[in-house]
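What follows is a set of structures to go through.
What follows is a pair of complexes built around chain A, which joins chain B in one and chain C in the other.
Now for the complex of A and B:
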């Protein structure tokens, strides 16, 4: 029993040491790059995120991106706060077991305007599967002008029909090409995904974009 | 017959003598006992060391200490899980386009080639979460023909945001990679996913 206690004490000390080392490392990085008051505010947001079990590196990266893009102090802090809020919303929508990269990708989708319930539908469409690529594709479509609802329905429908990551990336490229050739973003998405559903094995068994929304919302 | 009887008596006495001799402690018994005890003591000493951690023993633990130990071990497991699940490992690049991809896993990173056509630019660099968005950290090389700028990097597994910086001031997303949301600083970044063993 004494041995178990020693092990527990060592583990506890190691945990405490690692946590404080993480904080010290983050503070050092922030102080080396940002003005002291900005670094202090960002550090507080990073600590909150760590306490909540959310990824912290994206917050620091966001602060550095703001500094590199020439944002002022308030803009940097606001950008980091938006990222933190989006990450919390993303994890809330996707569930507690969501991986770090999924949270970051989903936060990007949230920042792009994708509704949180669309993220939950995407999780249901791929239970147990990784959502990074579907979320990246979803965010890309919205960033290219596809209405968030239309993009969400398209990606959820394709995922529910069994689209692999590679299939989703190919869909994205076809949509991108269609938009570059003058197609209206929303129309192009519906057209490309409908074609894919008709051609993919088993795809015709699933709902087409448009009907999905009525069923799931 | 008498001879036979005498022989049997002699044999019986001889047996008794031999049995009695075996019942007596031998001359070497005490030193052997001492050696045996010494060896046992040394082995017990060894068991207190490294092998002692694996020895099967009987423990009497108070429930409160058992609970404390379990909580500590669980906390360590959760912490390790969070650390290992973080966005930092790799093997295959999924993002298509000019920041495309060859794979080959090696110690959690994978080679990535960034390519940008930038007519008129005199200096191009890549900025991203992998270099702290430092425009001076990762310059691209002019290909020597046309307007192509190229950079080979090894990136950790996971999702990365990046952008190109032309002539130190013009930020431009990768034209053929997926776009990320506008991160509140007035421009889109590009996304690259370096795939690995985490099920990406």
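Now for the complex of A and C:
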């Protein structure tokens, strides 16, 4: 029992030391690139994210992106805060056990305009599976002009029908081709996913994107 | 002929070493006016049945160097540029015989949508009966109106009619003779000798140019008047097709008088077809708007130790930069490979990353083929998913 307590104490101390080392490293990076007051505000947001167990590198990257692109102090801090809020919303929707990469991809989707409840539907459609690629595809569709609810229903439907990551990426390419050839984004997504469902084994058992959308509203 | 070729060669050599600076003005709608916008040297050759016309143009932006805070010399490119022209027309009867050659200098001041210039020229092509052109002064102003460029131009030439009977010099011979009675009878005879006659010729002209992708059309018309000639109206239409970055095909229909040619190396004296070649074309070349720089494909390959080999296939670019969260959003220059491919080794940990590309120092954009991420502060971003080697 005593040995276990000692081991736990050592582990706790080691983790605390690692966390404080991370914090010092992040502060040094921020101070090297940002004005002192901006670095202080960003550092506070990074500390909050670390305490909440959220990825911190994307926050620092947002700050550096703003600085590189000439954003003013308020713009840099606002960009970091948006990222932190999106990450928190993403983890809230996807669940506590969500991996860091999934949170980053989901935060990008949220910032692109995907509603948080669509992320929860995606988690239910692929329980236990990695959601990075479905989230990346979802974000891409929305960023290219597909209405967020249409894109969400399409990706959730495909994931529920057992679409692998490669299948989702191929679907994305077909949708792009359709849009580039003049198709309306929303119509093209429904058409391509419907065709894929008809062609995929067992796909007809699953609801088509249009009918899913009708039910969800 | 040898003298002219020597001069042309000297001009070419003197500027070949100095790569034309990239002026932001060279991307303006007016850039296509100047051959030299495509590099420090450009050559053109046009032909008609039995004759041909060639031109050489060299030019460079005028700018001053200035030391920055770190003491490094930085070149400042201003709105001024100086162009030099050699324009030659060969005889219609005997193509080996040069009918005339003109040398010109043009100082141009360009703004975003307009440009004004002053020029001085000596010599020029002559048709049978034409006077000798001694000195030509010209000025012009061009302005771009939503895709159409309009230009007004005035050229004054000092010409010399040599031994022209219209301006004769009288010579009177006075003599006397004696009639049959021996009376002295004074007489005189006046003889008119052809004489030289200096005069001024003026040419006023206007042009409209319109560009559509790689094609450019222009119509130019004017009136030439002066001592010793009737006012002459003339017009010419031209078409240009940008075949490649360095090669431009030219065609013209109609005639232009010699003074009108003096400050334009892309102008032809008569109906002709031709070609222009700009061996050292720069990103600021003419019609650069027609061939837009584009990234066509993106490939990335995961290597051991978190190294990522990135290759990008581009068209009509001189520089490619990549930036992303893995570079702390600092731009990293990519290196050129063959066939329009560019590459760079990057240090990228496995995970989900945001990335942007920049071509020719333009706007940051999402790499081709990558899924789009949410937009950042400037431009669209792509999502780069890097799997670990184990995956």
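By our rule, the second predicted complex is superposed on the first by the 205 of 217 C-alpha atoms of A that agree within 3 Å, B and C clash if a C-alpha of one lies under 4 Å from a C-alpha of the other, contacts with A are read in each partner's own complex, and residues count from 1 in each chain.
Here is the rule we go by: a residue touches a chain if its C-beta (ideal position, glycine included) is under 8 Å from a C-beta of that chain, and two chains touch if they have at least 3 such contacts.
These numbers were taken from a predicted model, which means no experiment stands behind them.
Asks: Label the relationship between chain B and chain C on chain A in the superposed model as either fit or clash.
Replies: Result for chain B and chain C: clash.
Asks: Of chain B and chain C, which one touches more residues of chain A?
Replies: The larger set of chain A residues in touch belongs to B.
Asks: Contact-wise, after the overlay, does A:144 reach chain B, chain C, both or neither (first, second, both, neither)?
Replies: It touches chain B and chain C both.
Asks: Under the stated touch criterion, which partner chain does A:108 make contact with: chain B (first), chain C (second), both, or neither?
Replies: Both partners, chain B and chain C.
Asks: Under the stated touch criterion, which partner chain does A:53 make contact with: chain B (first), chain C (second), both, or neither?
Replies: Only chain B; A:53 stays clear of chain C.
Asks: Answer with first, second, both or neither: which of chain B and chain C does A:64 touch in the superposed model?
Replies: both
Asks: Return the residues of chain A at which the contacts from chain B and from chain C coincide.
Replies: Overlap of chain B and chain C footprints on chain A: residues 29, 33, 57-58, 61, 64-69, 71, 75, 79, 100-101, 104-105, 108-109, 111-112, 132-133, 136-137, 139-140, 143-144, 172.
Asks: Chain A touches which residues of chain C in the complex?
Replies: Those residues of chain C that touch chain A are 323, 325, 328-331, 351-352, 354, 364, 371-378, 380, 383, 385.
Asks: For the complex, give me every residue of chain B touching chain A.
Replies: 53, 59-62, 65, 68-69, 72-73, 75-76, 79, 82, 85-88, 94-96, 127, 129, 132-135, 158-159, 161, 171, 178-189, 191, 193, 198-200
Asks: Quick check: in the complex, which residue numbers of chain A touch chain B?
Replies: Residues of chain A touching chain B: 1, 3-5, 7-9, 11-12, 14-15, 18, 29, 33, 53, 55, 57-58, 61-62, 64-69, 71, 75, 78-79, 82-83, 99-101, 104-105, 108-113, 129-130, 132-133, 136-137, 139-140, 142-144, 165-166, 169, 172-173.
Asks: Would you tell me which residues of chain A are touching chain C in their complex?
Replies: Per the touch definition, chain A meets chain C at residues 29, 33, 57-58, 61, 64-71, 75, 79, 100-101, 104-105, 108-109, 111-112, 132-133, 136-137, 139-140, 143-144, 172.
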